[in-house]
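Several structures are given next for inspection.
One chain, chain A, appears in both complexes that follow, with chain B as partner in the first and chain C in the second.
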Partner chain A sequence: MSSGGCDLDKAIQQLRACRPIPENQVRELCHKARELLIEEGNVVGVDAPVTICGDIHGQFHDLMELFRVGGDVPDTNYLFMGDFVDRGFYSLESFLLLLCLKVRYPDRITLIRGNHESRQITTVYGFYDECLRKYGSANVWRYCCEVFDYLALGALVSGAATSLVPTDGPMAENTNLDNFPDSDADIEIETLNANGEIMYRYARNSDSQSSQPNSNPASSSPIAPTPSRVGPAGTGATSSANGSVKNDTGAILCVHGGLSPLIDTIDKIRLLDRKQEVPHEGAMCDLLWSDPDEIEGWGLSPRGAGFLFGADIVKCFNYKNDLSLIARAHQLVMEGFKEMFESTIVTVWSAPNYCYRCGNVAAILELGEDGSNAGYQRRSNGDQGGGGGGWILGSNDGSSSNMVGNGNDRRLSSVLGDNMQRTRDGPGRRYRVFEAAPQDSRGMPAKKPVADYFL
Partner chain B sequence: MSGQEIPDLRTLLGSRRGGPSRGRARGRGGFGSSHEGREALKDEAVRNTDQDAAGSRVSCVELGYLHDPYAKLFATQPATRRLPLLNRGSYVRTSAIDDLVDRFMNASTGPKQIISLGAGTDTRYFRLRDRYPDLQLVYHEIDFATNTAAKLTSIQRHPQLHSKLTSRSAPNPLALPPAATTYHSSTYNVHALDLRTLAASSEENTLPTLPNIDPTLPTLLLSEMCLVYLPAPTVSSILSSFLQKYIPEPTPVSLILYEPILPNDAFGRTMISNLSTRNIHLPTLLAYPELSDQRARLQQYGFHQGAHVADTASIWRAWVTDEEKERVAALEMLDELEELDLLLRHYCVAWGWRDSGSEGVFTKAWADIKEQ
Partner chain C sequence: MSFRNGAPVDTRAPGHEAENSITQNGFKITTQKLPILKAAPIEEMTKQLGITPPEMIFGDNFARVDHVASGWRIEFNAFDALDRVDKTGDSMLKVSYSKEWQQNRQKQFEDIKEVVKPFDWSYSTDYKGSTPDTPKLEPTTKPIPLELLKRPDPILFFDDVVLYEDELADNGIAMLSCKIRVMPARLLLLSRFFMRLDDVVFRIRDTRVFVEFATGEVIREYTAREEKYEVVRKTLAGTKEDVLAIMRDPNRLAEYIPIVEKTTDTVKLK
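Up next, the complex of A and B:
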């Protein structure tokens, strides 16, 4: 598989058919991927438009469904927030395909590390066994684990539009039009089903905040309760009601798990030494393991790694780092996505019918590009592809110019003290919700490896 | 794992009750195309669930969740390590039932009886003998002949098991003939029969005799993933045979059920469809979808002194001590917490009893257990 070109395209073709590539090709692919990833900072800069995806977990056919629903690479830019492997039957094919796409179109696809991208976890949750089964040795597993160590820990999306250009697709069945915002409203959230039909639409600062999405099948997930109308005085984040101001959204931090008590600025993430197995504790571990929860401050995580963190922590972190939103994955959400803490953080889950058992739907989050953002720079398309480099945005300087000074705890506590409003309007968010790939195309092995239920 | 083995013809013969004749079914060229054929295949799938349960038990034991030296002696398949969340669930299942049984054993010093419905390869009898060597216990297990034969073969093969068949009154274990499907003694009894034959049928009121069932001993009926495979009216009828014919009033009787709940949400619907691809069907799951339905069902059976329910997620939270939780949590890294909660919420333990009230053995044993 010499650099880029047609060998890579052949490998992509083969993997798209869910057929593993030979061991020596995997070795080469992983080598190339490492060369590419080593150039990325711990926090990768990414420009909108981009489609943000959560856990995949080896559900290859559902990953194909995701590409069908969200658009193919390289036409759509993707950011995958980790947990490519384990649990599903096709971790190998899923991860290698994503890796091939990364090497082929480095500036079209971003992969960050999940807690399952680790030697220890993959030996318990299936990826190791799968490699052994498919290649007869652990070599491929070892190559992949070496790549895991180089994956970035987070991504910072900038240039996202504050309001959505509404989809003019048809309405989904059962959509209740009474709750729909006016056509000239500033659309903050739109939810579409796998056919692109509109399930739900929500206007920013709308008076109809009571218009919780009754008609939305996902309505049991608390979607976007009441975004605050006005940011704290002096932050310049006062938003206009009708979407005339479009470029005031802060950046969006993407990370697999969540925050860490050891990390109060994004710059601190940048300083970590990430090129190692995921440690059992410490900042790097927390970023991959933590969960938001309805608590105040920090709490112990029942997972035995990482922490729980409450709304105050998120709001403070977002304010301090000039973020409008944290997007993360890591937790199964039956409705595919779940916004929490007045939409300051969202969980995106992209493995439908998780483990072929949970019955959940999946979602991906599309962030549009902000047309009026002067700083927006179109990415090169990856067509000259293959070769390393390729990042137009430097990985280490993206959008940090507005940040409040490092580690300023006085500032932090004063924020906590008086005003916990959001400082930034969230980006316009389009969720595409989809179900598991149809049974017949899933190609489940005839013999399931383990008992799935208690019998 | 299932459905691929050759169906047991005895069941086919045993379940003839009208419908299309076998001749016609054969004529159409399909085993499985007749009503009997389909039913036989379903029974086959249900019988095979026992090795799933055995395998889950072995996985739990090997990883230190449960202490059970007998589990692996009954497993016919090589031990495969189950996922951490399945081990956790099996742990909660076994330890919750153990907890209820222990309280019964300790409630009074008198002799007691336990009847395990669809016992499969359950090891509870052997563990109880170790734990309560002096207690007078009459233990019964009921299962299909294929399963009881396999169990008795394992017992005969392993002295650790065989030696447990003795009691003070009968110190020498009976030698079992090869291919035995039943075993009877004053402490341990294995009955080979289809539970459906215990459903009191209106026409012929002849129930099979169950040797050594003592109609006077306080009796615990146990259905750990067994009655769920039968239609709800059949289950009612089987239980009324026990409660009225085999162990009539005023003998204290109780029932412990372990089975799935919540068939109508996304997880439940997926469970039903996944299991049906293995030809496993859970009729009572649909009949008693919620915890409250399980409670009402116990009352309907006549368990008026107590009828309680708890899902296994709440049992893990409320019944397991903090110390034990810590021990169990340290056994394996468990990442899939949301999924675990989802899974555990879909299984419940229900326990109900009939006795004389405040001085009754079950009231004493179970009155202060937290339900959900």
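Up next, the complex of A and C:
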């Protein structure tokens, strides 16, 4: 197979039809992929515009649906945050297709590692068995695992726009237009359905909560309106304490799981030796496994392994590293995405009807390109440990907010003008929400359970 | 359509019909299958339960048998099952590599010691269904008549309803589900909690409800099985079976895991 040649295109074509490619081609592909990935740093630099995707888990037909909704490679620039394999029935085809696309269009698709891209996990959760079943030997699994070891641990998206260019599309059915912001408003969030119809739009700094969540009386939802603290909270951070000044947004860090107490700057991620099986401990393990939670500071998971981190940790990390948002995957969310901690972190989940039975929708996150701030000098990451004298977080009295108050780095505050009491504006975020692809008959569980004489 | 932080709250994947039901000889059998709960109801449930619900929480699902004449019923739902999970952390398990993980961590982060909201995160429950206080099920020695259930009577109604499932952060599986089959003269419901914590332990807790329509007799059998992972693995290694495949299949595992508790009770409905 020659790189970029027609063999690769043939392989892509074959995989798009959900047909595995021969073992010798897999070996060559994996070899090429490794050569490519070894050149990438632990944290890959990605320029907006980019479309960020969460877990795929071998749901091949839903990956096809994702490409239909989000645009094809190379037209759309993609960033996948890991967990390509296990659980679903087509881990092999899904991962090999993504890998082919990576080798074919290396600058248009970024793959980072999830906790399932590991030998140990894939032997238990399906990928190993699938390779054995489809090839009769574990060779292909072995080649893939070697690629896993070279996948980057994170990505840093720069140049994202603070506001969206509103989609010029039709409104989805049931969309309440009364709640829509004015056409000249600064659009922070937009949610579109799989047909590109606008379901929701939120303007930055809009006092009126233009699209008050759950406020639509016509909603068919059986769910009672959420308490006010969860309603507009997700967008609260960016809508408060800010004038009409447009600011450049900080970078967006993408990791599969979350933060680590061993990592306080992005440069520390860059220093890790990643080319190995995912270890059971250490920073690399945490980046792929940890979860945000409604706690203060750091906590231990009740399972006896794994960290949980609270809003203060995220806000401090974002500030210190000049980030406006952390995007991560790893946890199933019914709505396809979930913003937490005043929109400083978001979980993106891209496997609809997970495990073919959860009935959840999936989402992808589009970040636009910043056209208006071309002259702005981006601060390099992690070289100056925060500071920003007088900067106050909502809850910075915890032990972990060690960066507050050294007061010698005023650059952020000069960018922000007089207002130093806030973090960066988040990037404009367009979520495309989609449902599971119509299932075919091959190996899919029947919707109706088959009656059996169980005892 | 309404929204929560930009996420639609009332999306529903296609292919999910809500309720199924059949009435047979004065007994109404109902099952409901809906997608996992959305963020807002999960928060509500978390508050009411006092513990974090499992990752896949089918909070709207249930399987229920109603005796129309007496008003007696037995229902299996996720909330009541989870309400019986230990919420104190007293019977908390640890993942297999926990010791190794913590030894290294505690040296590094002396300040991070607090386990967040301890509870039995394996979601082990001894749930036997929700029933009214009267008429009460009384202990009995009479077993469920298996021979009657082995007959190939036509199955008029069948369903398989998942109530919750958790992947234990990729350390195994915990799953509570309900199967029910209704024949012309009787029905059998099996509610099974299956838990495998990799390299630690297996648990299977079955509740079987048998109803003989003609007599109104209900027999409920609860059987709890438990064994260390290593013991089961060793036993299976001695067979010619596919060890990994069996470890995922509670039907086949049951014979390798000894019974640790069994109770039977009954009620006669008029």
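Everything that follows uses one rule, which is that the second predicted complex is superposed on the first by the 352 of 455 C-alpha atoms of A that agree within 3 Å, B and C clash if a C-alpha of one lies under 4 Å from a C-alpha of the other, contacts with A are read in each partner's own complex, and residues count from 1 in each chain.
The working rule: contacts are C-beta pairs under 8 Å (C-beta built on N, C-alpha and C of every residue); 3 or more make two chains touch, one makes a residue touch a chain.
Predicted model, so just to flag it, every value in this text is computed and none were measured.
Asker: Quick check on the superposed pair: does A:I295 touch chain B, chain C, both, or neither? Answer first, second, both or neither.
Answerer: Once the two structures are laid over each other on A, A:I295 reaches chain C alone.
Asker: Which partner, once the models are overlaid, touches more of chain A's residues, chain C or chain B?
Answerer: In the superposed model, C touches more residues of chain A.
Asker: Check whether A:E281 is in contact with chain B, with chain C, with both or with neither, and answer first, second, both or neither.
Answerer: It touches chain C, and chain B stays clear.
Asker: Look at A:E339 in the shared chain and tell me whether it touches chain B only, chain C only, both, or neither; answer first, second, both or neither.
Answerer: The second partner, chain C, only.
Asker: Looking at the overlay, what does A:M171 touch: chain B (first), chain C (second), both, or neither?
Answerer: After superposing on A, A:M171 lies clear of both chain B and chain C.
Asker: By the touch definition at the top of the document, which applies to A:N353: first (chain B), second (chain C), both, or neither?
Answerer: both
Asker: Can you list the residues of chain A that touch chain B in one structure and chain C in the other?
Answerer: Comparing the two interfaces on chain A, one with chain B and one with chain C, the shared residues are 115-116, 121, 124-125, 302-305, 331-334, 353-355, 357-360, 447, 449-455.
Asker: Enumerate the contact residues on chain C facing chain A in the complex.
Answerer: Residues 1-16, 34-43, 55-56, 89, 92-95, 97-98, 100-102, 104-105, 108-109, 111-119, 121, 146, 149-150, 152, 155, 158-160, 162, 168-171, 179, 181, 188, 190, 198, 244, 251.
Asker: Under the touch definition given earlier, write down the residues of chain A that touch chain B in their complex.
Answerer: So the residues of chain A touching chain B come out as 87, 115-116, 120-121, 124-125, 302-305, 331-334, 353-360, 447-455.
Asker: What does chain B use to touch chain A in their complex?
Answerer: 1, 49, 52-53, 55-56, 80, 82-84, 86, 89-90, 93, 225, 260, 265-271, 274-275, 280, 329, 332-339, 342, 347
Asker: Could you please specify the touching residues of chain A with respect to chain C in the complex?
Answerer: Residue list for chain A touching chain C: 115-116, 121, 123-125, 129, 172-175, 189-191, 199-200, 202, 211, 213-216, 219-224, 226, 230-231, 233-235, 261-262, 280-282, 289, 293, 295, 297-308, 331-339, 343, 352-355, 357-361, 363, 399, 429, 431, 433, 435-436, 447, 449-455.
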